[in-house]
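Just below sit the structures, each encoded as structure tokens.
First chain A sits with chain B, and in the next complex the same chain sits with chain C.
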Partner chain A sequence: MVGRNIARFFKYAFLTIAAVLSVFPLYWMVVSSTNANPAILRGSLIPGTNLFVNIQNLIAQQALGQAFINSIVNALSVSVVSIIICSIAGYGFEIFHSKAKDRFMAFLLVSVMVPFAAVMIPLFSLVANMGLMNTTLGFMLPMLSSAFLIMLFRQSARAFPHEMIEAARVDGLSELSIFIRIFMPTMKATYAAAFTIQFLASWNTFLWPRLIMTPGASSITMPMLLANLLSGYVTDFGVNMVAAFIASVPTIIVFFIMQRQFAQGIVGSVK
Partner chain B sequence: MKKLLALILVLVLAASVVACGGNGGGTAGTDGSAPAGELKGEVTVWCWDPNFNIPAMTEAARIYNAINPDAVINIVETPWDQVQDALTAAATTGVLDNIPDIFLMQDMAFQRNVMTFPELFIDLTNTGIDFGQFAAGKRGFSTVDGKNFGVPFDNGATIYAVRTDVLEQAGYTVADVTDVTWSQFISVGKDVLAQTGMPMLSTTAGGGDFIMVMLQSAGVDLFNADGSPNIAGNPVLISAIETYLELVDTGVLLEVNGWDEYIDSFVNDNVVGTISGCWILGSVQENAHAGAWAVTNIPRLEVAGGTNFSSWGGSSWAVTNVGNSALAVDFLKHTFAGSVELYETILPSTGAIGTWAPAAASSVYAEPHPFFGGQAVFADIVGFAGKIPQINVGVYFYTANDNISIAVSNIINNGADITTELQAAQEATEFAIME
Partner chain C sequence: MQTAKQEAKIKPFFTMTRKRGLTGWLFLSVASALIILTSFYPFVRAIEMAMYSGAGTRMQFAGLVNFQRLLIDPHLKQVLSNTFLFLLVQVPMMILLGLILAAMLNDPKLKGKGIFRTAIFLPCAVGLVAYSLVFRQMFAVDGIVNTALLTFGILDTPYNFLGTAWSARMVIIIGLMWRWTGYNMMFYLAGLQQIEPSIYEAARIDGANVIQQFRKITLPLLRPMILLTAIMSTTGTLQLFDEPFNLTNGGPGIATRTIAFHVFNVGFQQSPNLGYASAVALLIFVIAAILGLIQIKVGDKRW
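Moving on to the complex of A and B:
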């Protein structure tokens, strides 16, 4: 009994420390967005009264609205298109299974290991020579297919009962209808998980848009706006933290809405 | 059925390829700038910092438009890292669509970029810009093989900004830390520390930048004339590292872990002052003790050629050969290399101090500054800038700088031997050059 209590004590102590460590930076960000620069530099952890001044300065210095809209449009279009492409691919790999496809899948997975910085310049050359610089399509193209998402959908499709497909085929449903009318609704949770992952990834993407889009208000995204704020000789951390907070809101909302499906989707959609 | 699915996928792919082609045609046609030689059309400028470089450039555009109303100066905020990435991507792939006509470049990266991507830059030597009117120490950063590739902009002259009230508390004045050697500075610093508990200055741990400042103050750089590293056994470098170690050991210099902690140290009264490029004055003025600050020069190394002047940071304008370079050159010639009015206007609004001699004579520079107890700090800083020894940074400056920071951190934290560590830094830099 005593042993169990001690074990429980250590478990909770560990979890408390881990929780504080993960929540503290968020708390600091929110508190600092309400403080002026000197207070932030002093390490103040108490909310201040400078929030509106910081917001005003941010709006005066940067194209906040445009950056926010650009980021939303980019993240939504990349997420929606890529989960359609990746789910078709994952479904195909599993349902129309063959040894050759397995080998190809293994090859695809290797691409997850290659860091983006290593392929950045060749990718730039490719997309630029296709004439897609400064276009939304050029921005989206490298992110539309993700080996990780294909694998996620393939794993989910593995748990998908093949009898259902057989039955549907007997009933005369086309392969496309089976995918759209049976697979997609059953795999809602996997779609939600994939959407969340892809939304976060494309919302936060920084290096690629910075390279492929000409700088300026029309192409700026939230991560680029944050980088602009850090580039000066004098850094106003209050303005920075307001911007960081605004940049986090959509990802927090998406995560909270999708939280339950996300956990289910990672585990597997079909019970 | 499988075939139908395959057909649909092929159609989708084909449609997207066609869509790509359509969009491509739209963007390729935007390069309709006026031919070189014609002084009208649009010039795109990339620079960063909405409180410093951008307002300065905006003012320059206003002044130029009064002379040449046909020109459109399009200023785009672009952080330095993005400028560097865009240059590298453009030069390595040959796709120059995204490159502007003018961009701002960090001084320390200027020679490296010109030497690595010579095809991107315009040689400005014979364009009618009088480079002799810029401070030699500053001009040197954008000079390659005797040719000028950049119009110098903001001043990176190093200063020691110091709290006079704290010095007085310990029985000293600014004169006691002006025109001094490092050993004189350390002896004053030890006394001030003992009496007030405050270190004389702070810097971010590792001290790579700090040691480079000391080196330049003696007119020494890290490379020989043939481009090979001059690190192992470089007596001035050894003297600089020993001085840095003594500063840390005596507690006269406080090492901090990052940039925000560094700013915090002098804004919140943890140290008596700070040594940095003069652009740090914007942050210094966030300290609450207005009127109790002064600006002076930095201590000198006791080596041959040692001076009290050096530089840290700063940037210059480069002109690319992809757009309307004739208009771009004319614009810079009439503004940053030709307008006293420009420098007079941007000084009070941004604190941007130039290195262009005709502007330094302006009365605006001689205005007493209330935060610095009525000292004419800007005139003093321009004076410092004129005395900075010229050095050659070359292509591998950052590599050498990083390797020396590693050496210094090994010496401080692990008690490693200076000679061995510098030999290692020399070899690491040689290896990078060989690659």
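Moving on to the complex of A and C:
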């Protein structure tokens, strides 16, 4: 009994330390965004009153509003378009499946093994030749389709009751409207998981926009703005932290809304 | 079947089955075309580009020169060993820690499970550049880590974490662990929830202790999940860029420069050389493919 209590104590202690270490950098980021440089350098862990001054200084240095709007537009476009494209493909692979389609899917899955860094140079030339440098479309192109997302929707289409499709066909619904009116509303959890994955990935992606966008251009995204801050001469901790904080707000919101669905979506995808 | 037959009477040449097959291809066409355009086509182009040298419009066919240059590149060895260090130290540590945390959180009697899970998963909500910025300031000479170490009397003078090769590498590893452990843990938790609690119950009755349960039940049943996360983390580390670029700028010197960073430098900085950068990029693919195959082979075997 005593042994079990000690084990339990260590378990809670371990989990508490892990939780504190996980949250601390974020806590420090939020607190520092409200403090002035001297307080941050003293190691202050209590919120200050300098938040608005830091925001003003940030706006004076960088096109904050522009970058924020760009990031929102880019991330929403990527997420919405890609989950539509990939879900209809996953549905097509599963509901109309044939040997040829299965083989084709296996071929597409090879793309998961290709690291982005290995293809980024030709992708860069492609986007440059298409005249898509510094554009939303150029930003979106490599993120619109992924074999991983297709697999996710293919798995969820597998669990989808086929009798419902048959019934809808008898009722005279076209294949496309069966997908839109029956499959899409039923698979909300999968869509939520896919949306979360795509939103976080496209909001945070840095290397790709860094390649196709000029650091000073009006099309820059939030991660690029953060990187720009580092190239300045003076380091204002408060300004940097408020920028990191603002850049994290949308993903933290998405994270909290979608946390549950994300976990469910993962379970579904790897079953 | 009924509907298919009826349809067949009306359109004898274009049967329902064939029509459906075609609809299926139509449904998957856009996504597939995009994957081919953004993954397979660039891959083939990378092979072609690697055989050219020069810049911009003055690219000239150079045969295998770029691949020979891989052998004499003075930075490549350092860059590769940095990448492998991150891979071999960080990935196994993170997977193990993720597994331990997941096993602890899977205890149905644990109180505050939701809080622990959310807290440990939370770093995933922060972008890579944003957290690089935070860690860069935490570990700066005048940052909070040094302030704390000085206050507690562990150090007498501030330590230049990011200016010293080994500690800079450590900071990157700590950052990666911080950002990704919770992410991997969620995969294991999802996998653990598929395991019947009665298996653990039976093991406990048979006298298996916690560590035995972990080794004999948890690990084998989570093998597919572990394999998945191992492959994802390996590919992720092979293209590690955001952290070394923003946290240490690859420094001091090139002590934390990764292979993806090297591709960026060769291809887009100072005197851009897209041909040679493509050759280095192909090397990333070869390494990723070899490691992926090894992991699948090992993962398939019984432990």
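Here is the rule we go by: the second predicted complex is superposed on the first by the 240 of 271 C-alpha atoms of A that agree within 3 Å, B and C clash if a C-alpha of one lies under 4 Å from a C-alpha of the other, contacts with A are read in each partner's own complex, and residues count from 1 in each chain.
The rule is simple: contacts are C-beta pairs under 8 Å (C-beta built on N, C-alpha and C of every residue); 3 or more make two chains touch, one makes a residue touch a chain.
Keep in mind that this is a model prediction, so the values were computed, not measured.
Student: Assess the superposed three-chain arrangement around chain A: do chain B and chain C clash, or do they fit?
Tutor: Overlaying the two complexes on chain A (C-alpha atoms) leaves chain C and chain B clashing.
Student: Touch test for A:Thr186: chain B only (first), chain C only (second), both, or neither?
Tutor: Neither chain B nor chain C is touched by A:Thr186.
Student: Could you tell me if A:Ala147 is touching chain B, chain C, both of them or neither one (first, second, both, neither)?
Tutor: A:Ala147 sits against chain C, while chain B stays out of touch.
Student: For A:Leu230, select first, second, both or neither according to whether it touches chain B, chain C, the two together, or no partner.
Tutor: Touch status of A:Leu230: both partners.
Student: Check whether A:Gln66 is in contact with chain B, with chain C, with both or with neither, and answer first, second, both or neither.
Tutor: In the superposed model, A:Gln66 contacts neither chain B nor chain C.
Student: Answer with first, second, both or neither: which of chain B and chain C does A:Leu137 touch in the superposed model?
Tutor: First partner only.
Student: Would you check which partner chain A:Arg42 touches, where first means chain B only, second means chain C only, and both and neither mean what they say?
Tutor: both
Student: May I ask you to decide whether A:Ser77 touches chain B, chain C, both, or neither, giving the answer as first, second, both or neither?
Tutor: Neither: A:Ser77 stays clear of chain B and chain C.
Student: Examine A:Ala128 and indicate which partner it touches, taking first as chain B and second as chain C; both and neither are also allowed.
Tutor: A:Ala128: touches chain B, not chain C.
Student: Could you look at A:Glu175 and tell me whether it touches chain B, chain C, both or neither (first, second, both, neither)?
Tutor: Both: A:Glu175 reaches chain B and chain C.
Student: Does chain A have more residues touched by chain B or by chain C?
Tutor: C
Student: When you line up both complexes on chain A, which piece of chain B, out of 256-264, 274-282 or 292-300, runs into chain C?
Tutor: Clashing stretch of chain B against chain C: 256-264.
Student: By the touch definition above, which chain A residues appear in both interfaces, chain B in one complex and chain C in the other?
Tutor: In chain A, residues 41-43, 88, 92, 96, 120-121, 124-125, 169, 175, 179, 207, 211, 227, 230, 235, 237 are touched by chain B and also by chain C.
Student: Write out the stretch or stretches of chain A touching chain B in their complex.
Tutor: Where chain A meets chain B, its residues are 37-38, 41-43, 61-62, 88, 92, 96, 120-121, 124-125, 128-135, 137-138, 169, 174-176, 179, 207, 210-211, 214-216, 224, 227-228, 230-235, 237.
Student: Provide the residue numbers of chain C that touch chain A in the complex, in ascending order.
Tutor: 3, 20-21, 23-32, 34-35, 37-43, 45-46, 49, 100-101, 104-105, 107, 110, 115-116, 118-131, 133-138, 140, 142, 144, 147-148, 151, 178, 182, 186-187, 189-191, 193-194, 210, 224-225, 228, 235, 238-239, 241-242, 245-246, 249, 259-260, 263-264, 267-268, 274, 277-278, 281-282, 284-285, 288-289, 292
Student: Within the complex, which stretch of chain A touches chain C?
Tutor: 7, 11, 14-16, 18-23, 25-26, 28-29, 32, 40-43, 85-86, 88-93, 95-98, 101, 104, 108, 111, 113-126, 141-142, 144-147, 150, 169-170, 175, 179, 200, 203-204, 206-207, 211, 222-223, 226-227, 229-230, 235, 237, 240-241, 243-244, 247-248, 251-252, 254-256, 259, 262-263, 266-267, 270-271
Student: Mind listing the chain B positions that touch chain A in their complex?
Tutor: Touching chain A from chain B are residues 1-2, 4-5, 8-9, 16, 19-21, 23-28, 46, 48-52, 76-82, 85-86, 88-89, 92-93, 95, 97-98, 259-260, 263-264, 267-268, 279-280, 282-283, 286, 288, 313.
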